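This is the structure I want to talk about, given as structure tokens.
Which chain is which? They are A, B, C and D, in the order written, and residues in each are numbered from 1.
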Amino acid sequence: MADLSANSARPEIGASAPGFWSRLQQIPRYYIYLLLAMVVIWQILFPIFLPITPSATTRGLEEAIRTVPEGKLVLISADWDSSTQAETGPQTAAVIEACLRHHKPFVLMTLAPPMGAKLAHNIASEIAKRYHARYGVDWANWGYKYGTSNVLMAMVKDVPKMVGSDFYGQPVKSLPIMKGVRTVKDIGLVVEVTGLAGMTEMWIGLIQGPQGVPFSAAYTAVMAPGYYPYLDSGQIEGMLVGAKGAAEMEVLIARPGRGMAIMSAQSWAHVLIMLFIIVGNLGYLLARGRERRG
Amino acid sequence: MTGTEIAILWAAAIATLGVYSILYRENPVSRLLEHIFVGLAAGYLLVTTWTQNLQAKWWAPMVDSGRWYWVFAPVIGLLFYFIYSRRLAWLARLAMGIYFGQAAGVYFREFFPLYSPQIWASFKPLRPIFDAAAPPVSVSLAWWSVVIQNWLFVAVLLTVMSYFIFSVPHEGKAGRALGKSALMGRWFLMIAFGAMFGNTVMARISLFIGRVQFLLQDWLGHYVHWLAQRGM
Amino acid sequence: MRWLGPQQATTPLVQHILLALLASGALLYLLHRFLGPRGRRALIVVVTFLFGLFFGLEYFLPVRTKTLWPTGLPNTGGSAGNLLTPGIEPMSNILAVIGAFTVGLGVYSLVQVHGRNVLRRRPGWHNSLAFFISFLAMFGFGLWQYSLHLPEPLPPTLTPLQAFANNGYEFLFRGLYAPLQAATFSLLAFYIASAAYRAFRIRTTDAGLMMAAAFVVMLGQVPIGAWLTRGLPNEGVIALLRLENLGDWVMRWLNSPAQRGIALGVAIGALAMSLRVWLSLERGTFFAEQK
Amino acid sequence: MAGGELLPNEGGGVNSLEHANWFMRALFFTLSAVIVASVLSAQRGRAMFIRRIPGLSAIEEAVGRATEMGKPIFFSPGIDGIGITTLQALAILSYIVRLAAARVTRVLVALRDSTVLPIAEETVREAYDAAGRPEDYRPEDVRFVSDEQFAYALGSVGMMAREQTATHFLFGGFYAEALILTENGRALGALQVAGCPDPVQIPFFIATCDYVVIGDEYYAASAYLTREPTLTGSLVGQDLGKAVLVALIVTGIVMATVLGGATPIVAALLGKGG
């Protein structure tokens, strides 16, 4: 059985005679780094939007938001921080936009990294301004709530009591948006935005399953594949996968924004990496061909 | 923006660019930043060990609630420091023994929650099942393709597992069959590794996009109106 | 010193603590004085075994309503447990606290390495000096800022001293620590690109298979993939060949069973290692026979 | 666990795995008994075969390379805290230090967890003793780098560059920092051998290292390297344990095929214990 020695590190075929083809196999890594940086910066500044077809999972989330019954809240659980911001930030923004576009009142909450409350708050205030949505009436931020699963259990019976005060430290009972919100059943949809494993299991185990509150999620691209089984079983109604999901949501609600720009940078970076792989293989094949002949 | 915010902005930008200099090679700037980073992390570790762990879990119960027996915790913890004495090192080993035991015990606890769902999720029926209540995939597919997928799933799982059998020589009739299965398993492993690699690229590029957005919009954009306008 | 918590240390508490310290000191001395090499080894083996047993047994004992300790604690997550269940969370806490005291060892190791560099003026000693400055700065400002217990978002009026503490901490954390973290993490974007370029050569079957799978999944992630196969139908089996579906299909039907095969092998391997550690069969590896 | 699949039982959710039931007790006891029995049988001298595992065979060669070049070895036991993964990493470290000590080659150990530090120090010192060179042991070679994941990565890369290490071993629990370590290590021209029980970082190890130890090969390491009867016995026991799991899965598949789905089987297996 062949070694698992990386097909990589040691001498390349044809390396002894540094012809053009063999040089294609050994592009110095600095060039790769430089080109990648240039492509990303270029696309962030001058994005070339590519046609995006929304996937079934994103359509599921859009529909879930659109069909939230009158008088019920959308709860966006923003459980992320700067480490996954490039994906979860646009996702949060896209979900907020979808709520505002469909005139659904929403609240933000953060269970895991405390920093998430502030980051999501900044995004929400910025978007709300564009829609002339008022804090406390059309949306609110419950802030960071310590205690993860204990928070969820406390929420079942009495939401205002669990929340206590909002992001600004004022009692939530005083907010017009909270009028009529008593138990967890007054929440029409939970959208979990996160890069953390375990949050979904908690929501499904404690709220979606036992209380029947619809649940959707937005995940980083790395962790999303693990959650398809929940999607198949209907426990997750819809899901955004990475920045791609955010871009698809923006297409669905016809609001190209940060997700689209990030996706164009992503696309061209992927194309660049694939080109490098192809060039490397071409170099390898041609150098090998020349070596056999000569 | 306040003076502090400006200082934070510039420090963050310089730190970011400084770290990127390591892409060329390990250099004096990256070395300096490395030491600053390690220093900050060590300081932060001490602070959080007190504020998030010891203060709440140890000091408060002991001093505020009068549970004096918590004083035994540092006694055991300090046993670890005896590794620096050859004569007393065995006491450190005693403390380590606690953690060895815990490591094993915790694994015994994790075994089923971690792996039993994986075991019964592998019980895939190998014949068509017409059950509208439980569609097996989100893409609507013909029944026969679902059956093929299940066969494939089982084949991949079992051949991969056979790759990790170490104590049977790949000789003789049965051994050669095992060898073939292991080779198949190895190929499936390579496909899986390639897929994982490809699936990670996007997340990693995202990280850099996040930094570029910071540099262009938050930092430069603060000074260059043109960039700020392009900011999203 | 509010961060130390309200000082209610009454005399009996101090007495108890001193007594406990004396008692444990005496116990350790006696153990050290009177246990021979074999006794010491046996003691370590027994301690390892008992702690492993405690954590393991709780999972496997039948669930009963009766417990060994009176349980007014909400630590069973609301579900039933057995007689060991109420002990799991306190014991985990205790071990976390004990473990926290080893932080000093880590810091000592750092101070030792860098202190030597500075004292002996070794090449690059100024870096070690930078280590000490940033270490002490973060430690000082971190504790100071914590001791202020400032609410979030910040109140509009801070005393100059409060503002100094807060700004200092914010500068260290948001100006240096977090950006260094994020920038280092983001290096991976470059490394993954050059690693892909080098590793995916069709030189061997292995590398070829890896490359093919990576290509399909990467194309499926970005709109270009969808654009390449836009001509294929959206429904039915052929829809699987659309790159965005194909990548997904590879992840779920080839990647997950392979990962599961690995995981189940590891499950048994780690079980064997756990048993060896628990029963001290691996002892010769870590600590040879007692001298 | 992100990859965890949904349990096809109703209502029970995660809680149904909070304690073992009859089935889990039986399975756990069987698996443990098989492993222990195999250890005992090996201790009585039964000869046992282990197939070649290239990544592990490479360890000796890799140590030799550092000796030839007169440069130190770098070892990282991953960034997990104390747990089974890390203890196995330290067992491999012990073997490597013994090899290196006999050839008067330094081994630098970079740690992320302060509780692992004393254990690693003891392990290394013991290994020097076992190699008959206690005087060569230098406590400062076992270093705590940082508990912060990426500070650890940068610090370790700095250590490789400054100490000019010729061979890098990475065994243990690795996450995103893995590629930072190995890509830089490769650029520095070191020979690298890496292993991790979790598959997620393996693709990146394959892309950047010379030899890679995958999945359960990692837990086979002690036995493979030392050939001690206790450990080889345990390895054979591991194989038997895997055979038990395969048998269980095959039975489940057959039953699911006959019954038309896995739900009734799982319901029976998850039934109330007590």
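One rule holds for everything that comes next: a contact is a pair of C-beta atoms (placed from the backbone, for glycine too) under 8 Å apart; a residue touches a chain by one contact, two chains touch by 3 or more.
All values derive from a computational prediction rather than experimental measurement.
Connectivity of the assembly in the absence of subunit C: the other chains, held in place, remain one touching piece. Set side by side, the interfaces A-C and B-D show unequal numbers of C-beta pairs in contact, with more at B-D.
Remark: the per-chain Cα centre closest to the mean position of all protein Cα atoms belongs to B.
If you average the CA atoms of subunit A and of subunit C, the two centres end up 24 Å from each other. Centre-to-centre separation between subunit C and subunit D, using Cα means, comes to 16 Å. Between the CA-based centres of subunit A and subunit B the separation comes to 18 Å, rounded to the whole angstrom.
For subunit A, the set of residues that touch two or more other chains comprises 1, 4, 6-9, 29, 33, 36-37, 40, 82, 221, 225, 228-229, 233, 242, 244, 266, 269-270, 273. Under the contact definition stated at the top, the residues of subunit C that touch 2 or more other chains are 59-60, 77, 99, 102-107, 110, 124, 178, 180-182, 184-185, 187-192, 194-196, 198-200, 206-207, 210-211, 215, 218, 221-222, 251-252, 255-256, 258-259, 262-265, 267, 270-271, 274-275, 277, 287. Of all residues in subunit B, those that touch two or more other chains are 19, 22-23, 31, 33-35, 37-38, 40-42, 44-45, 80-81, 93, 99-100, 102-104, 106-108, 111-112, 114, 118-119, 121-122, 134, 137, 139, 154, 157-158, 161, 164, 186, 189, 192-194, 196-197, 199-202, 205-208, 210.
Contact residues on subunit A toward subunit C in their complex (touch as defined above): 2, 4, 6-9, 13, 25, 27, 29, 32-33, 36-37, 40, 50-53, 55, 82-83, 114, 118, 149, 153, 167-169, 221, 225, 228, 242, 244, 247, 263, 266-267, 269-274, 276-277, 280-281, 284-285.
Contact residues of subunit B toward subunit D in the complex are 19, 22, 25-26, 30-31, 33-35, 37-38, 40-42, 44-45, 80-81, 83-84, 89, 92-93, 96, 99-100, 102-104, 106-108, 111-114, 116-127, 129, 131, 134, 154, 157-158, 161, 164-170, 189, 192-194, 196-197, 200.
Touching subunit B in their complex are the following residues of subunit A: 1, 30, 33, 36-37, 40-41, 44-45, 56-57, 82, 84-87, 89, 220-222, 225, 228-229, 231-233, 242-244, 257-258, 261-262, 265-266, 269-270, 273.
The touching residues of subunit C, when paired with subunit D in their complex, are 59-64, 77, 79, 81-82, 99, 102-107, 109-110, 112-113, 116, 124, 180-181, 184-185, 187-188, 191-192, 194-196, 198-199, 210, 256, 258-259, 262-277, 279, 281-282, 284-288. Against subunit A, in their complex, subunit B makes its touches with residues 23-24, 121, 134-139, 182-183, 186, 199-203, 205-210, 212-213, 216, 227, 230, 232.
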